[in-house]
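Letters A, B, C and D mark the chains as written, and numbering starts fresh at 1 in each.
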Amino acid sequence: MANSKFAYVRSFELPDPLLPSTYIVCRLDGRSFHKFTDVHGFLKPNDERGLGLMDRAAEGVMTELRDVVLAFGESDEFSFLLKKHTTLYNRRESKILSSILSILTAHYVFHWPDFFPETKLQYPPSFDARIVLYPGEQEVRDYFAWRQADTHINNLYNTTFWALVQQGDLTPTAAHAELSGTVSAQKHEILHGRFGVNYNNLPERYRKGSVLVRKPVNKRPRSRQPPPWDGTSGEVEVLHVDVIADEFWEQRPWLLR
Amino acid sequence: MANSKFAYVRSFELPDPLLPSTYIVCRLDGRSFHKFTDVHGFLKPNDERGLGLMDRAAEGVMTELRDVVLAFGESDEFSFLLKKHTTLYNRRESKILSSILSILTAHYVFHWPDFFPETKLQYPPSFDARIVLYPGEQEVRDYFAWRQADTHINNLYNTTFWALVQQGDLTPTAAHAELSGTVSAQKHEILHGRFGVNYNNLPERYRKGSVLVRKPVNKRPRSRQPPPWDGTSGEVEVLHVDVIADEFWEQRPWLLR
Amino acid sequence: MANSKFAYVRSFELPDPLLPSTYIVCRLDGRSFHKFTDVHGFLKPNDERGLGLMDRAAEGVMTELRDVVLAFGESDEFSFLLKKHTTLYNRRESKILSSILSILTAHYVFHWPDFFPETKLQYPPSFDARIVLYPGEQEVRDYFAWRQADTHINNLYNTTFWALVQQGDLTPTAAHAELSGTVSAQKHEILHGRFGVNYNNLPERYRKGSVLVRKPVNKRPRSRQPPPWDGTSGEVEVLHVDVIADEFWEQRPWLLR
Amino acid sequence: MANSKFAYVRSFELPDPLLPSTYIVCRLDGRSFHKFTDVHGFLKPNDERGLGLMDRAAEGVMTELRDVVLAFGESDEFSFLLKKHTTLYNRRESKILSSILSILTAHYVFHWPDFFPETKLQYPPSFDARIVLYPGEQEVRDYFAWRQADTHINNLYNTTFWALVQQGDLTPTAAHAELSGTVSAQKHEILHGRFGVNYNNLPERYRKGSVLVRKPVNKRPRSRQPPPWDGTSGEVEVLHVDVIADEFWEQRPWLLR
């Protein structure tokens, strides 16, 4: 068979299994989304439609890949956590990364008209992805805390920046200069003092990002001791809650199991 | 700053550079495309629209990533070759893989209506991807020969199979049974003898797959000795030509340079 | 400088950092030690001199590399555990592996005359090594339990086998046949019934292998709260104790810290 | 069986195959050899005994591992080249690295008394190792050229430095200062003008390092067309020749085959 003569090239495909019993996090970012959001007229500092579309795309990932038990998103970025002991694709790195990435990308383009009914998609946006392994619970929690702390910091900055530009009539350059070196409290004060905005009253989605988990399923106790629900079945819900403190994790022990 | 306390989690992001001066091939495959093509009524054995859409999506990759100098596609699969000495994303594996994959996925969904104007996309399709390294020219050529030989084999089988089913009124099971153990010549004979089809007259796209390269650019010789064109600029063209014999490569020495 | 023209070849040296905060285990095995022990007349089933030499070589590793906090050895094999948060050689895999391996090899040859004063070393023995990562405490404990359970199994088999050969006058082939399919209790019975040997009275070194840890150092409390001793300083001691049950680990909490 | 309960820990041993058809180079360096050579009174700038011992240890590697077809050494460093298509240990990185490293280390200690009959080995020396892959012939040749150019540069510097110290009565600090910023020609001039030494007449071993290859074997032509000798059998010889120019490689085409 003609094929066999060339088939040796398969031997160059090397294995890429991820370490067992280790938490797998896959983080995606929009590629060149600065330009993309400009071209498509995203509202600043937060575009409800754009954030909703990201959430929808991430939900698509979780619906298709049930071993993804948690997702966290802000802006054009999303992070996905797989169950510690997942055997999805035999833990092959490129299969896991590419499935999550391709599903999210496809959903983003597919659902665009649902979220931007009046804005035609000018060209297809894309994302990149990386996988990071975390050996312990604390590191996983700190990873998501890191992303949510980043959301806080970015959103406070952006909200103040755009208030200065949109309501304060500053040029972007002047607004940047004004904010340079300021700490949190000063930004809160600018927002409140000059623009009457109480930052803490802004929508939680903007301040906390999006947290996707599944609603626990009430299993009918057929056997005396049904196995505990493991977080991989049931409906995905989008929350905007704190993931830095203990409460979120204590209420959902299956996430880190 | 709240952020710094958690930022240590970045140290778990390990480097993933690919070996320098080695050919990088990235191969993508449709995920669950058997079901996808059923749901969307793809014609068998070859759907001109579906093949055209794949070509269009691959062209999108080459337009955006200029260091991709060659692509070969068949069915729901595409392979991309990067220049041997590319420094794209510092040769980081996950960045290269995810960019190619995400761009192709996004283009596939985005351009769907152009190729399937009368078929609504029911749900977003996705792909997976892997990267394979080849150290030498011969291996790269054999890689593409392997894929094109595969195209030949699959297409001959599928063409005969569907002729038996569609024109010969066999059930799929019976058609499979009939073809089991047959060699090439026997399939040619079935096609010709029973269905009057000369396999070699079928469209080259079906028999040879799609080959995407760029048209050489005629540089205006501003300097006495302009550097030779390197395959990374200019218009992408879709060919259906043999890549197993020497001619294709000898005419395009820049592909392996 | 002539050198710079060729120095680009350094760019092919790729980074190989091991995942942070993960337990690093390095296991070494003798290469072709069946032949080596034959040539040098090692006693069967256990050669006190050979075991002592392995222990001495492993001690050399721990003396030189203080972040190795635990070692376990049996026969011609040794496993080394590094502190979870070690930054030795920036956690570069090949540096860690090669340092442990080369130190052990060198000590084995260097100390040969101390343990085999009447046997000239005929040729230099060698070892191979691999590194395995474990994300959690349980897995590390199970790793060492796995090696010690292996010691138990091998030693019971070997002790019975050599009793049959040396005292029972069986050929090796006949002894193998006799033991084939027997469980633990049957081997104990053979030893006790035929040869009057109570297996549990054999030296613990044979039944449990060697466990190397450091003796805790009593720090003089110069400051009010001296940092707790971390297992990396002080004298190495060789124990032959159980590492499967909890006691060993509970008494040495610094090993997994 | 007690063992099976823990045996799952083997699943954490991940595969580490090296890319096929790629040149494997393994480079070893002495660990802390500055101190080691001081303690053992090595002569400066070159100690004939020490260099001979390194050569002997490298020969041990080539004798045991026949797929190592070339070695190059200078000072306390040695590089080994494996045949491009070697299948030694299924190309597993840690097996190849650790075999070469352990064999060299063991030979170094074992043969010490042959080369230093009047100097007792005070403590066991050790080495570290790394593996580097090269995809093409040119890169392999440039790798060895890089090492030999390094030998030239280091030896010229060291020879001049020690002449200034040993014969010129400079302190090491003063000698360093005197050489700082000098080019090759100036060092040649210092050696010749002040010490009457014509650098080019120094032993080739010092100026070119050691090159280990095997002597071609004259096969008795049993069959009409015996396969060409492939460099893996026959006696190892130690040369001190140029490996930068073409001649060395043209005379030994099997090295890069």
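One rule holds in what follows: a contact is a pair of C-beta atoms (placed from the backbone, for glycine too) under 8 Å apart; a residue touches a chain by one contact, two chains touch by 3 or more.
Chain by chain, the UniProt names read as follows: A, B, C, D = tRNA(His) guanylyltransferase.
If you're wondering where the values come from, they're calculated on a predicted model, not measured in any experiment.
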Quick check on the contact graph: shortest path length from subunit A to subunit C, in steps? 1
Nearest whole angstrom, what separates the Cα centre of subunit C from the Cα centre of subunit D? 30
Go ahead and note the Å separation of the Cα centroids belonging to subunit A and subunit D. 51
Intercentroid distance (Cα basis), subunit D paired with subunit B, Å: 45
By residue number and range, which residues of subunit D touch two or more other chains? 12, 14, 19, 21, 133, 139
What topology does the chain touch graph have (line, ring, star, complete, other)? complete
Going by the contact rule set out above, which residues of subunit D touch subunit B in the complex? 19, 21-22, 133, 135-136, 139
Residue numbers on subunit D that touch subunit C, as the complex places them: 1-3, 5-10, 12-14, 31, 60, 64, 94-95, 97-99, 101-103, 105-111, 121, 123-134, 139, 142-143, 145-146, 149-150, 152-153
In their shared complex, subunit D is touched by residues of subunit A numbered 11-12, 14-15, 17, 19-21
